Amino acid sequence: MAVKPIQGEKRVFMTGNEVVAWAALAAEVDIMYGYPITPQNEVMHYWTRLAPKYDRKFLQTEDEISAGFTTCGGVLSGKRAFTATAGPGNTLMQEAMTMAEMMRIPLVQVVQQRGGPSTATVIYSQQEVTMTCYGGNGEGLRIVYSTGSHQELFDYTIKAFNIAWKYRFPAFVLGDGYQAKMRESLNIYDPAEKGIEIVKTYPFVGLEGTPGVDREPNHLRNTYNTEEELNLVVNELVAEYEKMAPEIVEYQNFNTDDADIVIIAHGIVTRAAQAAVKTLREQGIKAGHFRPVTLRPFPEEQIRAVVKKAKKLIVAESAQGQLRKLVTDAIYGESVPLENYYKPGQGITAEELVEYVKGL
Amino acid sequence: MAVKPIQGEKRVFMTGNEVVAWAALAAEVDIMYGYPITPQNEVMHYWTRLAPKYDRKFLQTEDEISAGFTTCGGVLSGKRAFTATAGPGNTLMQEAMTMAEMMRIPLVQVVQQRGGPSTATVIYSQQEVTMTCYGGNGEGLRIVYSTGSHQELFDYTIKAFNIAWKYRFPAFVLGDGYQAKMRESLNIYDPAEKGIEIVKTYPFVGLEGTPGVDREPNHLRNTYNTEEELNLVVNELVAEYEKMAPEIVEYQNFNTDDADIVIIAHGIVTRAAQAAVKTLREQGIKAGHFRPVTLRPFPEEQIRAVVKKAKKLIVAESAQGQLRKLVTDAIYGESVPLENYYKPGQGITAEELVEYVKGL
Amino acid sequence: MPTKIAYRMNKIDTKRALFTIFTGLCKGCGLCIQKCPANTLIWSDELGVYGTPAVQPKDAEGCTGCGMCSIVCPDCAITIERKKM
Amino acid sequence: MPTKIAYRMNKIDTKRALFTIFTGLCKGCGLCIQKCPANTLIWSDELGVYGTPAVQPKDAEGCTGCGMCSIVCPDCAITIERKKM
Amino acid sequence: MIKTVKIALAGEGGQGVQSVAGIMVEAAYEEGKEALYIPNFGVEQRGGVSVAYCQISDEKIGSPKFVYADLVVALSDRAVLRTKQYVNKDTVFIYDTFIEGIEDDLPTNAKRVLGIPALEIAKKELHPRVFNVIIMGVAIAATDFIEMSAIKTALEKKLGYKFEQDPSLRDLNFKALARGVELVKDLL
Amino acid sequence: MIKTVKIALAGEGGQGVQSVAGIMVEAAYEEGKEALYIPNFGVEQRGGVSVAYCQISDEKIGSPKFVYADLVVALSDRAVLRTKQYVNKDTVFIYDTFIEGIEDDLPTNAKRVLGIPALEIAKKELHPRVFNVIIMGVAIAATDFIEMSAIKTALEKKLGYKFEQDPSLRDLNFKALARGVELVKDLL
Amino acid sequence: MSIIPNMPKPWRKETKPHKFCPGCGHGLVLKALGEAIDELNIQDKIVFGCDIGCSLLSWDFFNVDTVQTHHGRTTPVMTGVKRARPDRICIAYMGDGGGYAIGSQHLVNAATRNEKITVILANNCNYGMTGGQMAPTTLPGMKTETSPYGRDIEETGYPTQGPEMVAAITQERAYVARGTVANVRQLKNYIKRALQTQMDNSGFSFVEALSGCPTNWSTNAKDTWAFIEETMPQYFKVGELKTPVPKEGISK
Amino acid sequence: MSIIPNMPKPWRKETKPHKFCPGCGHGLVLKALGEAIDELNIQDKIVFGCDIGCSLLSWDFFNVDTVQTHHGRTTPVMTGVKRARPDRICIAYMGDGGGYAIGSQHLVNAATRNEKITVILANNCNYGMTGGQMAPTTLPGMKTETSPYGRDIEETGYPTQGPEMVAAITQERAYVARGTVANVRQLKNYIKRALQTQMDNSGFSFVEALSGCPTNWSTNAKDTWAFIEETMPQYFKVGELKTPVPKEGISK
């Protein structure tokens, strides 16, 4: 790691996929494993151009199953490794992610959501929320950051690696096709510049010394023989996850203090929500916006605090109730009326939100 | 379909996997596609022994991805087809299930849940609820029956085929390793005996006549070019799903009429809950039990009616909150205190529920 | 049932063949130009379906009516009718 | 670090070799019996690790100390020490 | 009156506890009772202790596994260790006296702990092969829930084809069954 | 005062609308403005109409796509059809007069609908290759939101290496740009 | 007499011009396929499946019943159809990514099981639809979006020898060939033999077609042909690898 | 002098007796592997990955760092390790189901990419762990739980020719062989050459081992040997299929 890919801080104008590649470089990622899928392809395109310059590696695998499992292998061997995918690729990666949950493999997966179900579109959506938070045969022991701008894409990609390695849970950066493909400005920086220390990695297998002679071997497994044994393992995982949760939940409040109407939205829809709130306020409507940044763990207390004061809630998402389910579970017991503004697979603008709120 | 596999009705004593095979025979299934995985293997073992006798077919595929997609192919060609899986196999099958949702392929998938996450155990669990209801990059446009006894395994397997073909959505029978492997008694029957008509199948491709000459070709796709186009498609799917929902939701109430404490449980845990309610009542505690039979669509109104009258709710599941999320979303707005009794990957007995309730 | 679909086209009568370019199909890829054994195809002023130039025989002499261009066109945009000599 | 693990065992001194059967390892599969070129292995009264009979040379004569049984045992339950003659 | 009797049978792979369990529940079922039987299983095909969980009742049965059994029969040292957890003050715990060095591991909280020399008797009086039939007799006698005639019918159904070939086998099995019953009767 | 200007540029694959959009937002960004640009894309590599959605503002920009544009530029018949949806009463809708047979499809609800002979001018006065630079001039003039100097810098940055090789190209491009501005000025 | 385009009869006129790029080899493969279907007179029996990859653009290409499936999953979908409806003639159409990368388990296992389907695979040395990434078939040194400095054989090996692999695992009754869009007539004949193999219920049939992707190769017409005709055959040998022998002759 | 079991040095004594069934071939394959590791003196460099399948029972088998992965996914996990840590010697251990069915895309693509890992595959003609279902390697006519009337080659083809398939797609620098537990010494030598191929950074290495599953075959010791030594070789030829040539000699 001789030359730092980013010296100091600088303002740039690029696509979100390029941002991810730079963030991974800045986060001292050693290796990316991946399989092409729109709209995340350019993460790989940039990475393959940049990586060799900084002595980082890349492997294009035969499918997303392999991308997920090679990433597990890379991490197990002690390297900072990630992968990126979308849509059906994300579906396929769930198998490896359940292994990562069970064996606590701190990998990072970037998801640029596209339309679903099935192949659907290559463009945009927020329909991979449930899957990214809870996919596979497991209990969702993952960390999921939902970003809404290029700046966040940069910041949270770096953070995802740090959080993953600090707490040893797989971490996800949940973007979307818009973020992937659009260009906007942001500041990229050397994390050290901001006092961000890159968490050290360490090997789970392939340690020094001869096992059985100098040390015990590391024997890692994900299979157990009895229900009782498994139950203990899962309870332990859950306990550690829940212990971590309060330390890492993130959220944002916009004018929620005195808000009658609170729009709940995540990811890029937060931009429309923020703008809508502004317009509505200008028109004398006391609107506010709550935004979970971590979808897993979910900012339960924080949203409850906001909800308690509101008269009406609106869940706005480019999906059919995936965010809603996270919300209703988090705020069970509250009784503020809750409306849904669903647009599966399609973008949401401030204008429509304003119109919708006014039409309520 | 010369000889009926089951003549009239008869009482039998067998494993749940055998029950599934007989139910599929009775439901006039043409072909099963599958890949081995414990604890569903014996579905295939029985099927491969029985099927040739009744001129039914079987294909063992190279993996669950293939099992899912070959099943899609079988159904598209107009045949009644199903597959069965569990755990990581269920994870892999999600890709095909999203295609089935998008293209409305009325296949049936039997899930015998095992421990998770990852390979975990081959035994038992209720940890595949979220995945079976909402897996993959989609919106959960599926029908999911959660069974709790061999009789139900038989009844609902037959029903799953009928509902799938009637409404043209993929249908799931959600069992578990206990149901798969245990023996108990039940009645198996020729559906006609009970006035159950087996819904006719029809081909989506491979129709008679020359396309472009005698008829239009059937061109089926799951990919769309613009967000707008996709949004319309998904909205339409959702609308049809929601229209169907009230016609097919199923649930059971046990002593909920005057219950202060309501245990909410599904699948095989319902047996413990029923027994617990009985014991608790004997001890003077006004307990009741609500059981969703369809997890997708969820009996929202029905559970709300019960919840409204209760003083305390307990979600009891062999998972870490998967049923809970279905419940909290369904009854959002209610404020009855809700407790969780989670035992991921392990069975729940009446005794422990009684103890738990009394300890509250 | 079988509908008649008409594509924009341009018939060019050459000495040995009737060369028809369906401009409503031609995407201007140029594969035919390269493959013409008589080297007689050139870009045309007529625009194809994507607004790019279609092709045409450069004059009435060159085209032998061999049909090679028609064979290699991925869009079936050329139809050659050899004249009976 | 390297722990000493002791398995139940039974040493049988034969003419040409010291035949040791680790009954704490033997699963009674019988693969060795089949492969013994001298055809000298039989089921023993000693029970192996799964409670099934272990093996032993039928007498002090047959075993040539060739070690074949040891090679084919999937559980490494037999150790042969050939005696220097 | 016991409504549902819960039995855990445990032994090594080859000891045939699953067959015993299978025949017992089959008998109960044929008798018109409700029966539920679930074997334990793990990732290994062999090795590991084999446990059979049986419940027999006059009514529909609840969860397939249980916290405490009315009867535990353990046929090896590992089986004793594995099944101790199912014992409470109402449990009859039976083990084979052939098992060595488990004195200290036997449950102390059971209603009764009975050592029976089934293996020895099988070897000496009958035939090692009917060891598990003796155990079946033991289990039936200890729970007193299934009619002997029903068990015999079930045995006949399962092994009838063998009895055809060698009628003396029928005798041997029925003797073993009776011997098992006796063993318990002596102790209770 | 317009705070955020929203532009939809649409044309056939080869017409270069994405390059125009790219240079425009780059210029705005370099000028210190906030800019957001997103191309449309579908499953096809070629074929289909290419749309560029641009927003330029003094403030952070909200959603990347928009319901109505301030300016729509459509360069083919299919582009006209595709982009009509972005037109409302505040929209200036510009199309190339070279497009045939779309008179009936032009939006009727726009603030202004302007036909410009960009393609013709490019062919006749300049060079077909700078057709899209004329369009850029048109867009800039129609929105009046980016400084001409910033655009020139961005053009220089993008095509500088070509200008090096053939300085006459610089002239050609700048001329095209100016010509585009003129075209609009004449009409507005 | 009105002149009509020289299209194979099974091509669906209503959806032409098709959606492939100018000069794309898919058009030529589908031309060969269309002619083969026509000449065998089996249009009424075909079930056509296309993959995700540019092949998906053929979802409404033919006047035959068609299923557009998932990336790599066309082989199992067509297998599923064929197993359920042996009277249909099932064609799985895909790219090299779909066939040799993400769907290779399906290809090799359909081949070993001797599924009575026909797989046609357009090999264009890259992932076309996603914008030109490296494929298992990318040539040594070839630049793609994910091998921007050229495919390094030390790092990622040599291009997949697809038909060779399939030939190694199929029995004698299978048909395996590699054709090229540079010889549409030969390609058509290979495809006809492949379909005939299916129609005879003889076995699995597989045809790889060397194909062009001028868009992602960034080639003009001349270079496109040169690449297909001169460069690709250096790594991919055109010809038939396996032709079915009469049933009697089968042994293992 | 105390007598100790004749175990390869890398075997971990604390976890013996191992968890395989009586007479299982896995024990013999792992014996050959243990000896190979010992003789090459590389115990400190090994990362061992085992699949789901009975191979998972080897998760604590050796005194080497070990990852027990998912069914079919050991190849990618070991590929991931090797790519990140080229100084390690990575072994992916699996059954025929894991390698030729669910993980076959990984096997063939690791082979084409010439991944510098060693794959060892125990071929026991069935799915052992799940109780004896048909595998891609099940022999014609062989009865299994999912081919209860015997594998019908008309319906499901012939057994997978794994090493032959791998040999068809690997370059000269790869190592491909088929050994058998009936000849542990030869098997050990094949495995040593496979590992050497990796150590030389030459290429992908693959060893299939004919192995026994007495539990699911329901065979006694005699029949187990007969099946391994007489029946299996009728379909699976033991020997080396590809041995690396010196680097200079590589060409395509």
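Going in written order, the chains are labelled A, B, C, D, E, F, G and H, and every chain counts its residues from 1.
In this section, a contact is a pair of C-beta atoms (placed from the backbone, for glycine too) under 8 Å apart; a residue touches a chain by one contact, two chains touch by 3 or more.
Just so it is clear, the structure is predicted and the values come from calculations on it, not from any experiment.
Number of steps on the shortest path from chain D to chain E, with steps defined by chain touch: 1. Shared contact partners of chain F and chain G, listed by label, are A, B, C. Steps from chain C to chain G, taking the shortest chain of touch contacts, total 1. Relative to chain G, the chain whose mean Cα position lies farthest away is E.
The two chains most heavily joined by C-beta contacts are A-B. The distance from the centre of chain A to the centre of chain F, each centre being the mean of the chain's C-alpha atoms, comes to 35 Å. With each centre defined as the average position of its C-alpha atoms, the distance from chain C to chain H rounds to 59 Å.
Measuring from the averaged C-alpha position of chain A to that of chain E gives a distance of 54 Å. Residue positions 38, 62-63, 88, 95, 99, 103, 118-119, 121, 123, 212-213, 222-223, 225-226, 347 of chain B each touch two or more of the other chains. Counting only residues that touch two or more partner chains, chain C has 50, 52.
The set of chain H residues touching two or more other chains comprises 20-22, 52, 56, 68, 70, 101-102, 104-105, 108-109, 129, 131, 136, 156. Touching chain E in their complex are the following residues of chain H: 19-22, 54, 56-57, 128-129, 131, 215-216. Taken in their complex, chain B has these residues touching chain H: 35-38, 41, 44-45, 48-49, 52, 58, 60, 62-64, 88, 118-119.
Contact residues of chain B toward chain G in the complex are 30-31, 33, 57, 59, 61-63, 65-66, 68-79, 81, 95-96, 99, 103, 203-213, 217-223. Put simply, chain F touches chain B in their complex at residues 40, 42-44, 48. Touching chain F in their complex are the following residues of chain B: 223, 225-226.
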